[in-house]
Structures are given as structure tokens and as C-alpha cells.
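Lettered A, B, C and D in written order, each chain numbered from 1.
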Amino acid sequence: MPGLEPTLTHYLLLAAALLVISLVGIIANRRNVLVLLMAVELVLLSANLNFVAFSAYYNDLSGQVMAMFVLATVAVESAVGLALLILLFRRRGNIAIQTLDVMKG
Amino acid sequence: MTFSLIPLLPELTLLAALSLILLMVALYPSQDGTAAYRLTQLALWVALLALWLTQDIEEPQLIMNGMLLRSTSTLLMQSAALLALSLALLYGRASLIRQKLWQPETFMLFLCSTLGVLAVIGAYHFVPLFVGLELMALPLYAMVALRKDDALSIEAGLKYFFLGALASGFMLYGISLVYGATGSLGLLAIAHLAEGFGSSNTLLLLGLIFIVAGLAFKLSAVPFHMWAPDVYRGAPTLVTLFISTVPKLAVVVLLLRLMSGPLSSLLTEWQTMLALLAVLSMIVGAVVAIAQPNLKRMLAYSTIGHMGYLLLGALVGNTDGSSAAMFYILTYALSNLVAFGVLLSMNETSDGDSKNADGKITLSRGSDLEDFRGLYQRSPIRAVLMTLAMLSLAGVPPLLGFYGKFAVIAVALINGFVWLSIIAILTSVIAAFYYLRVVRLMLFSSRSEGEGEGEILPAIGVIPRTVLTLNGLALLALGLFPSVLLDTTAQALAWTFGLL
Amino acid sequence: MTMMLALIPLLPLFAALFAGFFGRRVPRHWSHWVCCAAVGISFILSAVVLYKVVVLGFTEINVTLYTWLDLGSTKLTIGFLVDPLSALMMVVVTLVSFLVHVYTIGYMKDDPGYARFFSYIAFFTFSMLMLVMSDNFLQMFFGWEGVGLASYLLIGFWHTRPSATKAGMKAFLMNRVGDFGFIVGIGLLFATLGTLNFGEIFARVDELQGLNVSLWPGLEWSLLTVACIGLFVGAMGKSAQVPLHTWLPDSMEGPTPISALIHAATMVTAGIFMVARMSPVFEGSDTALSLMIIVGATTAISMAVLGLVQNDIKRVVAYSTLSQLGYMTVALGASAYSAAIFHLMTHAFFKALLFLAAGSVIIALHHEQDLRKMGGLRKLMPITYVTSLIGAWALVGLPPFSGFFSKEPIIEAARFATVTGHTYAYWALTLGVFLTACYTFRMIFLAFHGAPRYGASSHGSHKASHKEHHEAPKESPKVVTIPLIVLAVCSVFAGILFITPMLFGDYFGTSIYGNYVAHDAMARLYANWQGVLHYLLHAFQTLPFWLALAGIATAWYFTLSAPTAADRLVKTLGAAYGVLKHHFYIDAFYERVIVRGTHSAASWFVRGGERFWSEGVLVQGTTRLVQWGAQSLRYLQTGYLYHYAFAMVLGLLVLMTWWGIKK
Amino acid sequence: MNVPVLSLLIWLPIIAGVAVLAVRNVDGGRPSRWLANAAAWAAFFIAVYVLCRFQSTSAAMQFSERVMWIPYFGIEYSLGIDGLSVLFIGMNALITLLVIAAQKAGSKGSYLSALLITSGLTYGAFSARDAVLFYIFFEAMLIPMYLVIGVFGGAQRKYATTKFFLYTLFGSLFMLLALFYLYGVSQTFSLQAWHHLPLSLYMQLILFGAFFMAFAVKTPMWPLHAWAPDAYAEAPTGAAIMLASTKIGAYGFLRLLLPIVPDAAQVLAPWMIGLSLLAVIYFGFVALAQTDLKRLIAYSSIAHMGLVTLGFFLFDAVALKGAVLLMVSNGLVVAALFFCADSLEKRLGSYRLTDCGGIVKAMPWLATLLVFFAMANIGLPGTSGFVGEFLVILGAVGYQLGVGLLAATVVVVGAAYTLWMVRRVVFGPVTHSSVSAITDLGMRERLLLSVLAAVMLGFGLWPQPLLGMADASITQLLAHMALSKL
């Protein structure tokens, strides 16, 4: 169906939607650090989607190379994030975000 | 397609040291940090040497297929980064031992992050640039939370991680939009392509906005600054020093590079956005710092303010502005090193260590302003050095910090940013108040009770003390002969401009 | 000549320095020897100068010592202008000063500040000579302030008395109020003519005619009038004219010799001298002359009234001085400058005499100054009595004493004057003669006649007299009486000898300038002048003479004949007497309104200006504002991760909208 | 003859100050005091040499030194003095010498060091010919002053120093902006070049505002004075004298503001005159209500500075000359009065007027000298205070009678608070139990104050030599100010 053929704009809108979802997820989530982690990764992935889409659009490989690098980075980031999460849990016994307010002002 | 690895020698040195430490840890799991520390210092100096030996400073050159740039300005900033880390480690050595962080892993993280810094300073392509940024940032998250049993450290680490990741996301998103607008990831190519767009290209503009947001986070410019006070406060002081100095060098180069090269066609938009960030940073940095009872936290706001001044120079968008901004960050780094050097020589204890999550967590001692009360009587050298650092940060002549402010405000005013300049001077008066408060506490007040002094003020080793003193005196000496640094920066930029 | 002129003021200066710096280290008598010798030589030199001026005809000697300041447009120099006017003043000053120096040896002999006192009076002599010898305003102002300083120091000489230091301060401040006008007057002349030199000012004074000066743009006044009024305000301060007179009675807190020297004979007449010196300028402004004649007449009459109700012997003399200064001012206002100077001279003699005589009485009575506790000293102190009587006659203006010759022309001049207010002045002065006679002879009668009251009334009421009142008062030593005699001789003969050359001859020559066409009082006096003898005889037909006799009779009636009548009169007068007793409430006005007003203004400035505005609003206000900002912004830093992230997203959105708006 | 005399003058005290700091704990502080005295004498003799060799007939810069310092901004290390500077160089030398010599055994080396460094920087500010160099000397003085007041000052020192520092910084940063603007226009920081730089009236007015902020704070002028009374009152005597006597703020008006923006100065002169008159009267009244001796002196000094700024803005030769002479005189008088206050405080332990009183009996020397200095403060002819005051009032009367009348009120008000002070302190009843037990001035104090008194008297009796030095430069300044730069 020619009308349903996804164009660049659709991909970009999808990526933008993903970005918005993840931002809302970060701001609105007040309980669970794990969800926060997922939302943060989603930001990077939405950008990745852009890269791939543009890469295809321009028929230029560098965007996809970038996406690969980003994927690797995302993985490392998750690892660091999870490690911190474990530390927090070990120290506190929970992973609630609201308790992270010792330092303020 | 052949290329030489020789220009990469500095990075490779750090990488080699990193691997070596990793190997050592694998082989001798129970060893302390002494060997790793020495190896790190060695690697830093070898890298510095390599940097100077392998550079052809006359001509800027793109290496690795246009991925990396080697020029006088990268040479200057990379040297500064390496030197800053070396000094920071020297000052923080005793502190690491006291805080039970004297482990090889610590140094691996520092090396890793510094490798990222070098990469960012050199990057002339978005791939190494992004990878460098992540390489710089990811170890930092871990470093902040390095004190695994300290609630503050963990809290700071988590905050930094999530916000940093978000900022990376912004940055990446912005890069993707720029890629979308131009179809290229190489900065040189983008510069050529973007020239034709003007400011009408929506994608490019959106991309710029996201990139600015990402950069603003790294610089801790308002309103992307919220992480800074908490992270500065919670991180081990050495890490705080590192965060406040070394990555900033890289980010400033990145900012100036993007602004002058690839995205220079959007100069007006840059200026508008940076002006907003600069004003907010100067005001928030100056005003909020006044109410801080903790020196590390106060210095976080001080950094925020300083980034505002730096942006003031940067937003001018010409050679003068760039060299002023670069000069500014160098003066800031040198002054900051002294301030943190003194702070690192104090013994920080955290009462939060033993409490669990349900109990109220009292904040630690050793970095509160109150701990500096009457410092001159107890440790004149610390007090004098801290005074020099504070006055330099406040920008009082004839100390080095004055010339930094001089350069950025001069450039901004001459180029017509009058109101920004006026805000800059008003905020620097407010800022002077809190810097002076530290001086006042140290020199003019006396401490009534005498307990716990030895605990807070351990002896400083001969070498750190000497180097710290020299560093402090350098603030004065460079203040008397500012041309040494100013000309270096200006020439470095003059020779590389257009290919910053 | 220059050397000699320079020595005249410098000798007293050196003496003052000697006494001041070394006085306490050398024997006491060294101080008085050095000072008396210096002033004595000054007197001789002055006399020589006068001789040269009068007899040898050096009518004007103008020497410049050095350039004080070279302003480019003009040079401010220090130099001497010696003409008949200043030569006369020099002689009067040095003579009276010398006599007072001698008198002081006796009067102050037990005082611990002996050398200091000599230092001060010698310094005063120096300043006064600088004043009268000056050839420019700058130097005159120097002397003017120098005598003020000396007066301040001498009034507060007994510095342990709060009233003395307060009186000194009051004198200085009131004089400063006068100086305020003086300096403005000088400034106006300088601004227009560009010079402070008298000769140059007089030569170019015509340029000032018709010029206007604006207080602020739009309000124009005649420059000459404003300048003259300014100068006259200076004279009012120094010569204690109403309403700047209240310091002079208070200055009686000082030792008696200085009351004679400074506050009767010399310093207070500096204002008169200055106006006479400035006669070419004053002649240009009828308004200023009119002001002078009115102020002078008011001073003359009102102070004479107050003299009636004083009980302190020195204060009686002080009020009489004020009144006489009023006479001189009237003379100035009537353009009878020579009459003013003439009266100045005779007054210097007889008033110094009266003060020194009063001092003599005071020492005899062991520092008792209250007239009600005197009486009957006529026999015990014959020399003092006789000289006092001569002084009193002179003061009252009975022929042939000097006062007659100097006062009579002033009254006549007031009558003949043409400026506004001269009729008032004439009647005020005429009535003043009656009052003068009343208070003067009341004082004489109370002090020297009647029954002694000093022994009886001193039971415990007065501090110092307890031990001494057994000893009867006795005549003062020679160092005290000889000056009295010398002054008495002067008081008797000065008038009769000098009236012809000074008033009707050409003694003053060009040193005093009168516009005898517009202000022809002197000319009309001269028209009536038929020689001294005729003048003496004519006196018996004039109103003032009979008024004076009536005054003496009245005084006699109320003091000696029917002492209780005075009390009855006081009761009858009631409230009016209260007004007199409180010096017309002028002091009270100054104390309550001016001084307190100043103090409350000052404290209001401190509270409103310094504490509230500068400190409170500017400093603390800014601090609070910044602190409030800090607290508010801190409040935003909640510590919650999601707020931080929200801020970042918000920042991003702001950057976007910013761009969107621009788009 | 290429000895860099001015550099020597500047750096000798500074280096000596650092050396004093280094040896402050050696041998009970004796070497440090000796060194400080030697440095002060040496600087004094150099200054005397400068004064002697100064060609008073020329308005040109003399003793010039020029070295490129910060080539990037074209900033030169450029020194030179003309008639305006030379007077203040001399006064600074005298004041420094007296302040250092006044220190008795037992005073801290760091105190002497800070005074010496301040003195060196003051020389620098008076001889700088490059705007940035001037600014740096001007600002750098803050640091030693701040430290010395903060460490050795009175009870309220922390508050006072902070206020002092921030106020001065606040003002001078505006000046910095002005310097930047001028640099942007002219591509140089040379003051000489700026004197001839054409500027639009609009820009001149803005620049005027910026310079005014700096110098009005430092002078100080109403309403930017709030730091001064506190700082003077809390500062230890030496520092208070260095702060109040050097007159660097008023000098800034002469050196920068008036020649660079003469048209704006003309336009704004009525406002400046108003502010100056306000200062004269307002501070006079405020001084009248003071109960603390040092504060009274401080306010008195500020009131006199109002007369100085009045002299600047009348655009009249006589008034300007008077203003310059008044600056010198007021520096001397304030120094002398602070010394007296210090002598009293050392004996009675208090600066409160109510604690002094009746000292004339116990301390005839101090009483005599204090009365003399009071008379100089009042402006009695024959003392230095008269010369400037008289000339400024003459100029003011010539400018406008109303201005003259208001200016002349200083004659009354100044006398009122000074005499009030004298009456409370010198005369009057003894109010403090220890007044009878105190001793008179020692030899050192006596000598010190006598020197000051002699200088004031000499200056008052013959001011011509002093004015002669400055005359050519003042005349040139006036001629320059008369030319429009539009």
C-alpha cells in the first residue's frame, strides 16, 4: 500500500515520540530507579533510530556505524547504571528515588 | 589508506597504562594502589612528553582519516588536561588513602576518563566525539560513587548517572538531527554543507538546540546544572576536583569547535542560547553559593558561575572570544586546583558511613565552611593558599583569575554585549562575597574549641606541599606576568582557527 | 622699613613661641619679661611708624613679604599696608596689649598656667597686628582667625570649668557664623575682581557698580550689596552685633586681662576696623550702610538696656562694650568712618581701663564678681576708684573726657546720615546715652560707694571667700595700678587732643574713603565744626549731655538714695524684667532652637541617612535581597532526581521556544 | 640616567613587604621591623629625590618608563608622573614613613608588611599611565587592606572589611567596563591616548557613570560612602591612615574621569556639585552626632572630600587648585587626627568620646597637638587646611553665589563638630577613671605628630612650593577640560 509506506518523516516522528515517552518516564517516575534506567536508555535508542533512518535516507553508511557505536555505549551505560543500582540497594535496602534527597539546596 | 599511529602516542600511552593496571589487578588482586598510582603518574608524563614530541605545532592537521585533529590548541588543552590530572592525583593521594580508595581500580577509572577527554579534545568527527564523550563520562559515574559504603557518594553517583545519561541522550539526539540535516558526521564536511543552509534549516537548528543542551549539562550551565552541587558534594573530593577541571577543558574545546566550525552558520542562535545560559549561570552561581554551608557545594556553584563567564567569552564567536574562553578555563582550572588541593589536604569524615537508610544521615565533616574557621592559626600554609585561590577565583587583581574575567568581559563588551557584561560584573561582586567569606573565616576568625584538629588537619607530604605552594604562587606569578599564559592561548588559537 | 614692620608682629610671635614651648621649663618671670619686652618693643616700633606716617608723611607704606600662593591669574601675597588707619590701630593695639601684659603679671601671678597665658596673649597680639597691618583679605583673614583662636583659647583658659570651655566654643562658633559671611563676601569680590589685594580692589571698585549676582539663576541681587552684607556679617560676628552678640557676655568666663584686651579694646573692634578699611567698597551700597546703621543702633540700645540688669561687674562692662560697638557700627553706617575709628580708639582706652579696674576689684575681693557683694571700696582702693571713675565718665561721654569727643560726633552723624534708618539710629543712640550713664554709674555706685556688703553676705554661700573674707580688700600692686593710671590718662586726653586731626583734619587721608556727596554726614559735621572749645561748650546745650546727667542721677537714686526702689521697680516691671533678665531670650532661642535643632538634625541624619538609608537600605537591603534570592533558588534545588531532570527538559523546551519565537 | 626610579619606588616597598612577611617570626620580630623601617626610609628618600628632580615648570610626564607588558591587549607597563601625581607621591612617602615609624616594638610583621605593600601599590596607582596598570594597582590595594583590617581591626572588623571590599570592587568593576569600551574604540589602554579620544556625548555620559562609580566609592562620595566610616573606624590606625590619606579615589577623578570625559563632566557638573554640597553638609551634620572619635574623624574626612569634589566640578582654576591642595592637606590632617586617636586609645582603651575628656591636665602635649590638628581640620588660616578650603570656597562663590553659600557652611559646621570633639576630649571634666593616671605622649609619638604639625604649618604659611609643583599640570588639565571631545 503506497499510502502506508513509511517515509523518513514517520521514522523521525517515531523517534521523537520515543524521546518524549522517555522524558515523561524520567520526570513522572518517582518510585523506581530501574524504570528510570530504562527510560534513559530509550533516549539513546530514539536517537539511534534517527541515525538509522537518516542513514537509509542518505544512503550513507556512517549513520549506521554510529548506531553500532551507540549500541555499544548503551550497553556499557546499562552496566554502570545497574552497578550503581546494586550499590544503592545494598546500602539502603530499596531503590526508591524519593529517598535520594539527602543532598539538596 | 594507511595511517601512522605515531600521532596517537599520547592516547596509546594512557591506554597501555590502563591495560597494564588491569593486568596487575588480575595477577595480584590484593595489592594496594601504590603501583597503580606510580604507573598512572608515569603514563601521564610520558603522554605529555609524547604529546609535545609528536606534534608539528606549526600546521594543524587532520589525522586518522579526518577523525582527529592535531593542532596547537588541542596540544595546549590536552597538555592542560594531563597536567591537571597529574597535579590532582598528587594532591589527592593522601586523601585517597584516608578514604580507603587506594586501589588500582581508582586509577583505571581516572585514566579511562582522561583518555575520553583526550579523544574529545582531538575529535573532528561525531563518532570519535561521541565515543570520547561517553568514555569520559561513564567512568565518572563510577568514580563519583567510588565510596561504596557512603550514602552520599552513592546518591551523587546515581544522580549524576541518570542526568548524565539523559544529557548524553540529548547530545546524541542532536547529533542525529545534524546528521539528518547534512548527511555527514565529519565536522569538516558538515561545515562545508551547513554553510549553505543559513539558519533556515529546521533540523539543523533543532540539532543545535539538543547539542547545546548536552554541552550545557557537561559545563553545568543553568538550568542544566542541578547535578553539580550534589555531585560535587557527594563525590570523593579528588573526583570532585577532577570533574570540575579536566572534563570541562574538553567540553570547552568541543563547544568552541562546534561553534566556530561546523555550526558557525547559526552564530546568532548560538549567541542567543549561550547568552541565556550565561546569564542564568552567572546569577544562580553567584547568588545560591552565598547560602551554602559546605565548601564543596559552594565550589559547585562557583563552577556554575564561572561557566557563565566562560560562555560570555565563548558566545562572542570570534577568535578573540574563543581565546578568551579558553584562557578563562585555564585560569579557572589553575585556581580550582589550588582550592581543591587545600581541601584535599584536610581529612574528611562522613558520619553517614555508619547509619543505615532509615536513620537520619548527617553530612560529613572536613569540607564544611565551619571547618575552615581560624584555619590560619592552625595551618597557615593551607589558609594562605586557600586565600590565594579564593581571591583568584573571585577575580581580584593581581591574581590570575582577574585576567580571565578581564579577557572574557573585555571581549564581550567590545563586541557589544553590554548588558551581559554588566550582569557579569554585578554577579562577580556577589560572588566575591562568598569567596571572601572563606577568607574571613580562615584569617579573621578564631576557633574556640581545639578538639579534633589533628583529625581534620593531617600533615601534608613534602612533595604535594611544595607543588601545591608552587601552584598557589603561580596564581600570583601569572598574575604579574599574565602574558605567559595569555599569549600561549591566543597564539594556539590564532594558528588553528577555522580548524579549531 | 620692611624689617621694622615685620618685627612689629613677629616679636610678639616669638615671645609667644618662647613662652609656649619653654615657659614651663624656665622660671616664671622669664615668660613675662620676654612677652612684655617683645610687646613693648612692638609698641615703640609702632609709635615710630605712626610718627613716620603722621609727621614725616609716609602716607602709605605698602610692602610685600612673600608670595603665599601664585594662582596664575593673581598672586596672593603676604605683606603690610601701613597708612594712617593701620598705624593708629597698631599703636592702640600694642599700647593696650603692653599695658595688659604688665597688668597680667599682677593679675595672674598665682595661676598655674602663667606661661601659657602669656603665650596666648602674645600670640593674640601677633594675630591682631597681622590683621590690622594686612594689605589683602587673605592676610586679614589669617589675623581675623588668629585672634579668634586666641580668644577661644583664652576664654577657655580655665578649662576645668565646663562653662568656660562652653563659652570658648560658643565664641568660636558664633565667629565662624560671621566668617561664613565674611568668606562669601571675600569670595564675591575675588570672583569679580580676581584679586584679594586691598589696593587693587579699591582701584577697581567702580567696576562693581551695577553688577548683579544671582543666588541661583533668576534671583538677582546687586553684587556690591551682597558682598558688603557678607563682609558686614563677618564684622557682626567679630564685633558682636545683634544677633551674633551672645558670645561676648559669655566670654567673660575668661580671665579679666583678656576681657580688657580682646573683648573690649582690640579684637571685638576688628570688625569695625575691617569695615572702615573697606570703606571704598561699602560706600557703594546704600543697602549695606542702612543695614549697618540699623543693626548698630539696635545693638547699642538693646545691649545698654541689658546692661542695667546685670549684677556681675564684668558683665556690666561687657554689655557696655556691646552697646559701644553698636555706636561704632552706627557710625560706619552713617559713613562716618573716621568717627567710628576715633570712638574705637577712645573706647579701647576707657573700656580697657574699666575692665582692668574691674579686675583689680575682683582680685581685691578674691574673685568675687557680684556687684551686690561689693560696695564701699572707694576708700580702700583709691587708685582703682579714681581711674574707674574717669573711665565711667569717659564712657558716659561727659565733657571733656575722650568719650564725649568720640560719641557726640557719632550721634550727630546718625542724625545727619541719609540712609534708611538713620532717624531710628539717632534716637536709639540718644536714649542710649541715658542708659549708658545709668548702668555705668550703677556699677560705680554699687562697687565703690555705700556700705561694704562683701563681708556680710558671704557666709558659706560663696566657695572661695570663706577663709579670706576676714582680710579687708586692699589696693592692688603697682603692676596693676600703673596700667590703670596710664589708661586713665589716655581716657582723659585722647579725645580732646585727637579730635581735630582725626575727625576734622586730614589725618586719615586716603586711607578712609567716604562718598561725601551721597553720604554727607561727615561733611555736615564738618560744617558745624568750630573748634574743640566751642564743641565743649556747645555740649551743655545738647540733649545727650543732659540725658547723661539724668542717667547718673537715676543710678544714684536707685542704688544709693533709695536702694529699695530698685526692687519695687522690678516688681512693677514684672514680666518685662524677666525678658531683660533672660537677655531677650536670645540665648535661650539659640540654645533651644539652633543648638538643639542642629543636634536633632544631626541625629536625624544619622538615623535616617546613615542607619536607615545608607546602612539599612543600600547595604542591608542589597544583602537581604541577595540572600532572599539565594534562599528562593535553593528551594528549587529540591534534591529530587526527577526535579533535576525536569529542569533539564524545561531548559531544553525554553531553548526551543526561544528559537520558535524568533522563527 | 636610566634608573627606573618609579619602578624602584613601587617595587621596593612591595618586595620589602614580602621580605618582612618572610622574616616576621625571626628573632622576636626585630629584623622585620628594622627592615620595614629601612624600606620606608628608602622609599621616602627616593620620593624626596623624585620631588627634587621634578621639573615643576613642565606639565609633561616625567620619569617615564615604558615596557610592553601584555601585548595581547596592548597593555603597557607604563609609568610616569606629572604635577598631579607628584604631590601624592610625596604625601604617600611621608605618610608611609610615619605610619611605619609609629609602630612600636611588638607590632606584627605581617601588619608592617601589608602597610608596605599597600604603600608600594599606592605609588603604582599614582604613577601608572596605562589604564589597566592603574586599575590593577587601584584594585590590588584592596587585598592587603582587606587582610590587615580583617586581622588587626576592631570588633566589627569582619562586617566592615566585607563591606569595604565589596563596595570598592563594585565601583571599580564599572570602571573596568569603561576601560574596555575605550579600548574597543581606541585599541589602546594608554591614558594619554584616551585624553585625546573623541567621544560622543552619549557615550561620555555612560563612561562618566562608570568612572564615577569607581571613584565615588573610593573617594568616598554620597551615596556610595557606607563602607568608609566602618572601615576607617575598625581599621588599625596605620591602615586607617593609609586608607584615608592616600586620596586615590579623588586622584582618579583628576587622572581619568575629567580628562577623558570632559563634556559629560560639564553636562553633569550641576549634579556633581549638588552631590558634593550634600556631602559637605550632610556629613558635617553626621559627624556632629558621632560618639566615637575615629568615626568622627572619618566623617570629617568624607565631608572635606565633598569640598574636594566640589572643586573638581566647578571647572575653575582657583577651585581646582584648591581641591588638589585640600586633598593633600586633608590627607595630612586625617593622618594626624588618627594618630592622636590612637595615642588616646592606647592609654584609655576606647575611642568613645564619653571615655575621653579632660586629658589636657595629664597629657599637655597631646592636648596641644590635638588642638592644633583640630584647627587645621577647621581650616584655620596658617594651617594647611585653610588653603584648599579657602580656594574652593572662593571658586564656588564665583561659580554661583548659592553654591558658594552652601559650600561656605563648612566654615561653621566643620568648626562645630571639631570643636565639639576638642571640648569633649581635651577640655572638660575628667570622665574616665584612668585619665589621671595616664602618661603623656612618648618621644616617638611626640616627634611623629610634631613632624606632621610642622608640615601642616609650613604648608599653611607657604603653600606656593606645593602648588608650584602641580600648577603646570593643573593648568594643562583645565585647558584640556575646556576643549570639547565631541
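A few notes on this one:
Here is the rule we use: a contact is a pair of C-beta atoms (placed from the backbone, for glycine too) under 8 Å apart; a residue touches a chain by one contact, two chains touch by 3 or more.
Since this is a predicted model, take the numbers as computed values, not measurements.
In summary, the chains found to touch both chain C and chain D are B.
The chain closest to the protein's centre is D, with centres computed as averages of CA atoms.
A count of C-beta contacts for the chain pairs B-C and A-B puts A-B on top.
Centroids of chain B and chain C (each the mean of its C-alpha atoms) stand 78 Å apart.
Chain A and chain B have centres, each the mean of its CA atoms, that are 26 Å apart.
For the pair chain B and chain D, the distance between C-alpha centroids works out to 43 Å. Inter-chain centre distance (chain A to chain D, centres taken as mean C-alpha positions): 65 Å. Multi-chain contact residues of chain C (touching two or more other chains): 634, 637, 639, 641, 645. In chain B, 158-159, 162, 166, 170, 229-230, 291, 433 are the positions where the chain touches two or more neighbouring chains simultaneously. Residues of chain D in contact with two or more other chains: none.
Chain pairs that touch one another are A-B, A-C, B-C, B-D, C-D. Across the interface of their complex, chain C is touched by residues 158-159, 162-163, 166-167, 170, 205-206, 209-210, 212-213, 216-217, 222-224, 226-227, 229-230, 269, 272-273, 276, 284, 287-291, 430, 433 of chain B.
Those residues of chain C that touch chain A in the shared complex are 634-635, 637-642, 645-646, 649. For chain B in complex with chain A, the residues that touch the partner chain are 126-127, 130-131, 134, 138, 141-142, 145, 148-149, 151-152, 154-159, 161-162, 165-166, 168-170, 172-173, 175-177, 179-180, 183-186, 229-230, 233-234, 291-292, 297, 352, 356-357, 361, 363.
Within the complex, the chain D residues that touch chain B are 69-73, 132, 135-136, 139-140, 142-143, 146-147, 150-151, 157-158, 161-162, 165-166, 169-170, 173-174, 176-177, 180-181, 183-184. For chain B in complex with chain D, the residues that touch the partner chain are 391, 396-398, 402-403, 406, 409-410, 413-414, 421-422, 425-426, 428-429, 432-433, 436-437, 439-440, 443-445, 482-483, 486-487, 490.
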